[in-house]
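Look at the two complexes coming up: chain A is in both, with chain B in one and chain C in the other.
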Partner chain A sequence: MFDILKKTLKTGTVTVNYPKKPDIAPAGFRGRPEILSDKCTYCGECASVCPPGVIWLEEGMSEKTLTLSYCGCIFCGRCEEVCPEGSIRLTQDYELASKTKDALLTSTSRKL
Partner chain B sequence: MTVETEIEIMGQHLNERIKKIFGRSLHIREVDAGSCNGCEVEVNALSNPIYDIERFGLHIVASPRHADMLLVTGPVTRNMELALLKTYNATPEPKLVAAMGSCACNGGIFGNTYASGGGVDKFLPVDVYIPGCPPRPQAVIFGLMVALDKFDQKIKRMEVKA
Partner chain C sequence: MNEHTDAVRKDFKSEILDENISGSETYFRVKEDAAVRICDQLYHRMDCALVSIFATDRRKKEGCFRIHYLFSSENQLQNDRVQTANGFIIIQIDIAENAPHFHSVTSRVPAANWYEREIQDMFGLIPVGHPDPRRLVNFEDWPPKSYPLRKDFDIRTKPERVKGEYTYRRVEGEGVYEILVGPVHAGVIEPGHFRFSVAGEPVLNLEIRHFYTHKGVEKLFENITLDKAVFLAERISGDNSVAHVVAFCQAVEKIAGVDIPPRARYVRTILMELERLYNHLGDIAGIATDVAYAFGAAHANLLKEEILQLNEIVTGSRLLRGMNTIGGVRRDIGDKKDIISQKLSAFRNDFRELMDLLFASPSVADRIETTGRIYNDIAKGLHVVGPAARASGIDRDTRRDHPYAAYPDLKFKVPVLKAGDVNARTRVRADEVYESIGIIEQALSRLPDGDIKISVKEIHDGYALGYTEAPRGETLYWVMIENNRIERCKVRDPSFCNWLAIEYAVLDNIVPDFPIINKSLSLSYSGNDM
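Coming up: the complex of A and B.
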C-alpha cells in the first residue's frame, strides 16, 4: 500500500487545466487549414485532390471563388502538399466547434 | 411587435432556460453511428485523469434515458439510421445533439454513398458541430462548452475577476 501511495505522490496532478489555460497543440499537429488569398492563383489543384471534397472552386462571370469547409475536412494536408504557390497552410488551431455550418466555411475570391 | 420577433424572444428565453437547467451538469450518451472508432478513442480519453471531464459536471452515461445530450460520431450508416432515431426518441426533452468528427458533420471521408447517410444533420437537428478527424479531447471539451455557452460565461467571469 505504501508503494501505491508513494507512486501517487510522486506522480502528482496530471489533469490539464484546459479551458482556463489555452492548450497549444504540439508541433506538426494538423489543424485548421488557412487560405492565403494574396498568393492563391485559383488553379483548382487543391479542389481536385481533396479526399472528402470539401474544397470547391466556383468560376462565375465576374469572379472566381475558392471555398473551404472545415465541416468534413479530415485534416490530411493534401491541399498543402499539392499547392504550387503554397497558399494553403495547415495551422495548429483546433478549436473549431460551431453551432452553424456556415460559420465553418472560409472562402477567398478574386475579380476577373 | 411582429409575431416573428415575439417568437424569437420566446426562443431566446427558452434557450436561456435550457442553459440554466443544463448549466451545472450534463449527461452525455455517446452514439456510434458507423464510426471508424477513432472518435470513440478520443471520447474514452475524455474521462481519463488527464482530461477528466467529470470535473465540469459532464458525465458519460450508459442509456439514452439518462442523457441530456447525444454525442453522435460517424456518418449515419443505413444499419445505424433506425437505431439513432430510436435513441433520439428515447432521450427525454430538452435534449442537445452534438455531431462529433468530420464524418458526423458532413459525411467526411465516407462521402454520400449508398451505405452512408452523409452527416447527422440530415436525420436529426444538430446543435453543435465539432470538426476534426478525430477531434482532440480539448476540441471536444471546447465543442461541449460552445453547446452550453459555458465558455463565454467563463471568459466573462475571468474578465470580471481580472
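Coming up: the complex of A and C.
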C-alpha cells in the first residue's frame, strides 16, 4: 500500500488542460489536408491515387473544381506525395468534428 | 537444406505432380487424394505447424480451383536431434469445378477447422468429412450457391437475403442454463456472440460465433490497385497496423524480387516494436482493469499513452500509420533517434516499477493465477499463436523462426512460460516489453545510412508469402499478382487462430472470470472477421 501511495505521489497530475489550453500536434502530424488554391493546376493526380476516393475533380462547362471530403480521409498523405505543384498538404489540425457532412468538404475551383 | 521438404519428396514421390521452390517457400502440387496423408505426416511426424489453408480460383487460367495447405517448417528438436529446416511448405491440390469437394483434414489436424469452413463459404468447395460443416463466414441469410471469392462473383453484387437458421451446440441437463452474450456488447468493442452453458457459476461449455462484421476484405484487395492496397492492409486490424502492412509489403517485394534498403528494414523493425509496446501496455492495463486493480490500470494506460504520443512525434500518427510502402518506408526517423532513446529509458524504469507492484499484489495474483488455462496440447492442436501460445509452452516467434526486416541482425530473447493461465500470458507480455525496448535500442544504435525506399514500378506475375510477428502473433499474407494487379490476397490474422482457444480457456472457470480470460487473449474482431 505504501508503495502504491509513493508511486501515485511521484506521478502527480498527468492530465492536461485541454481544450482550455490548446494542445498542438507535433510537427509532421498527419492532420487535415489543405488545398492551396493558387498553386493547383487541376491535373487530378491526387484524386486518382486517393485510397478511400475522397478527392474528386469535376470539369464543368465553365469551371474546374477539385473537392476533398474529410469524412473518409485516412490522412495517408498520398495526395501530398504525388502533387507535382505542392498544392496539397497535410496540416497539424485535428479538430475536425462537425454537425454536417457539407462542413467537411473543402474545394477550390477555377474558371475556364 | 530442409529435412522436411526432403522427407516429403522421398515419402510421396509418386503423389507429387510438380514442385516449385521460391525463396523459403516450397510448393508441392500433389494428387487430390494424397493431401490428407501428406498433411497428416507433416503435422504429426515432422511437427510442422499448419499455419493456413486457402483457396484460389484458377478456373480461367488453369481450369480448376486450387487449395493451398501452408505449413511452417522450423528447426526443432526431435528424438534428441535438431532437425534442420527453415521455411514454408505449401501443399497444393487442384479441384475440378464439376466436382467441388475435397477431403477434410480437420479430424487429423484440428487447426484446419475454420479454414476449411471458410473455403466452403467463400468458394463453394465442400470439405467432405468435416466434423462441423456449418457455415462460418456467410450467415444463414446469405443465399445458397453464392460464393463471394469466386472470380465470377461481381464485387458489386447485392445478394438477396433468405431465411435460414443457425444451430448452436446444446448442453442439457438439470440446472444447466444458457447465458447469451452479444453480439452487441456494453463497451465500445466490436460484435461477437458468446453462448455459455453454465451449471451455477462454472462454465460447462462456451460456443462463440463471429464474422458479424465480415467486410469482404480479400475480395476488395482484388479490386484495387497495389498502391491503394497498402493502406487497406494497414487498416485490417486497427492496432496491429504495422504488422499487417509490413507483411503485405514483404510479400509484394518478394514477388517483385527487390531487396529494400537496409535503413528501411531497420525503420520497419523499430515501428513494429513500438506497436508491440503500446499493444502490450494496453493489454496489461485491460487485465488490471478487469481484476479491479484500478491503480495498475491507470498507470499502465498512462504508459501506453506515452508510447502513443511518442509514435505521433516519430511518425505523425499515434497508430504508426502511413509509414510503410512497397519498397521501403515513406518517412525517415533518423532525426528522432534521441527522443526515442530518452523516452524509452524512462519508460523502462516506470514499467519495471509498475510490474513489480502488479505482480506483488495478492488481489491480482488471486484473480489471474490458474485462471483461464490453455493446456499445451490444446494450444498446439488449435495452432494458437503469439503471446498466448508462448504462455502455454509453445516456443514459436516468427521474428526468430522466419526472420525478416532487421531481426536477423538483432539479439532478443523469446520469453516462454508453461502455465498457460492469465498470469502466464500477462508475464509473457511483460517480458516481451523489455525485449522490445532492447530491440529498438539496438536498431537505433545500428541504424544504417542510406535510402529509405526503392522504387518498385512494374511487378511481374508471381506469388509469395509475407509474414510478421504482430503483437498478437504470427500474421501472414499470401499474395498473387497478375498483370500488376492483385489476383488473390489471403490474409491470416493471429486472432483467426486464437479465437477458438477461448472456448477451452473458460472451461471450469466461473463466469465472472470470462472478461479477464478474454482480455488476456487479446483477440481482435476486426482482424478475424475481415
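Everything below uses one rule, namely that the second predicted complex is superposed on the first by the 112 of 112 C-alpha atoms of A that agree within 3 Å, B and C clash if a C-alpha of one lies under 4 Å from a C-alpha of the other, contacts with A are read in each partner's own complex, and residues count from 1 in each chain.
As a convention for this text, a contact is a pair of C-beta atoms (placed from the backbone, for glycine too) under 8 Å apart; a residue touches a chain by one contact, two chains touch by 3 or more.
Since this is a predicted model, take the numbers as computed values, not measurements.
Participant: Is A:K99 contacted by the first partner chain B, the second partner chain C, both or neither?
Facilitator: First partner only, chain B.
Participant: Touch test for A:F75: chain B only (first), chain C only (second), both, or neither?
Facilitator: both
Participant: Looking at the overlay, what does A:E58 touch: chain B (first), chain C (second), both, or neither?
Facilitator: It touches nothing on chain B or chain C.
Participant: Between chain B and chain C, whom does A:E85 touch in the aligned arrangement: first, second, both, or neither?
Facilitator: The answer is neither, since A:E85 touches no partner chain.
Participant: Based on the superposed arrangement, let me know which partner A:Y18 touches: chain B (first), chain C (second), both, or neither?
Facilitator: first
Participant: Any idea whether chain B or chain C touches more of chain A?
Facilitator: B
Participant: Which parts of chain A are touched by chain B and by chain C alike?
Facilitator: Shared contact residues on chain A (touching chain B in one complex, chain C in the other): 14, 25, 51-52, 74-76.
Participant: Can you list the residues on chain A that touch chain C in the complex?
Facilitator: 3-4, 7-8, 11, 14, 25-26, 28-30, 49, 51-52, 74-78, 81, 90
Participant: What residues of chain B sit close enough to touch chain A in their complex?
Facilitator: 49-52, 55-56, 102, 105-109, 111, 119, 121, 127-133, 135-136, 138-139, 141-143, 145-147, 151, 154, 158
Participant: Across the complex, what residues on chain C touch chain A?
Facilitator: 224, 227-228, 231-232, 235, 295, 299, 302, 312-313, 315-317, 321-322, 330-331, 353-354, 357
Participant: Tell me, which parts of chain A touch chain B in their complex?
Facilitator: 14-16, 18-20, 23, 25, 51-54, 69-76, 94-101, 104
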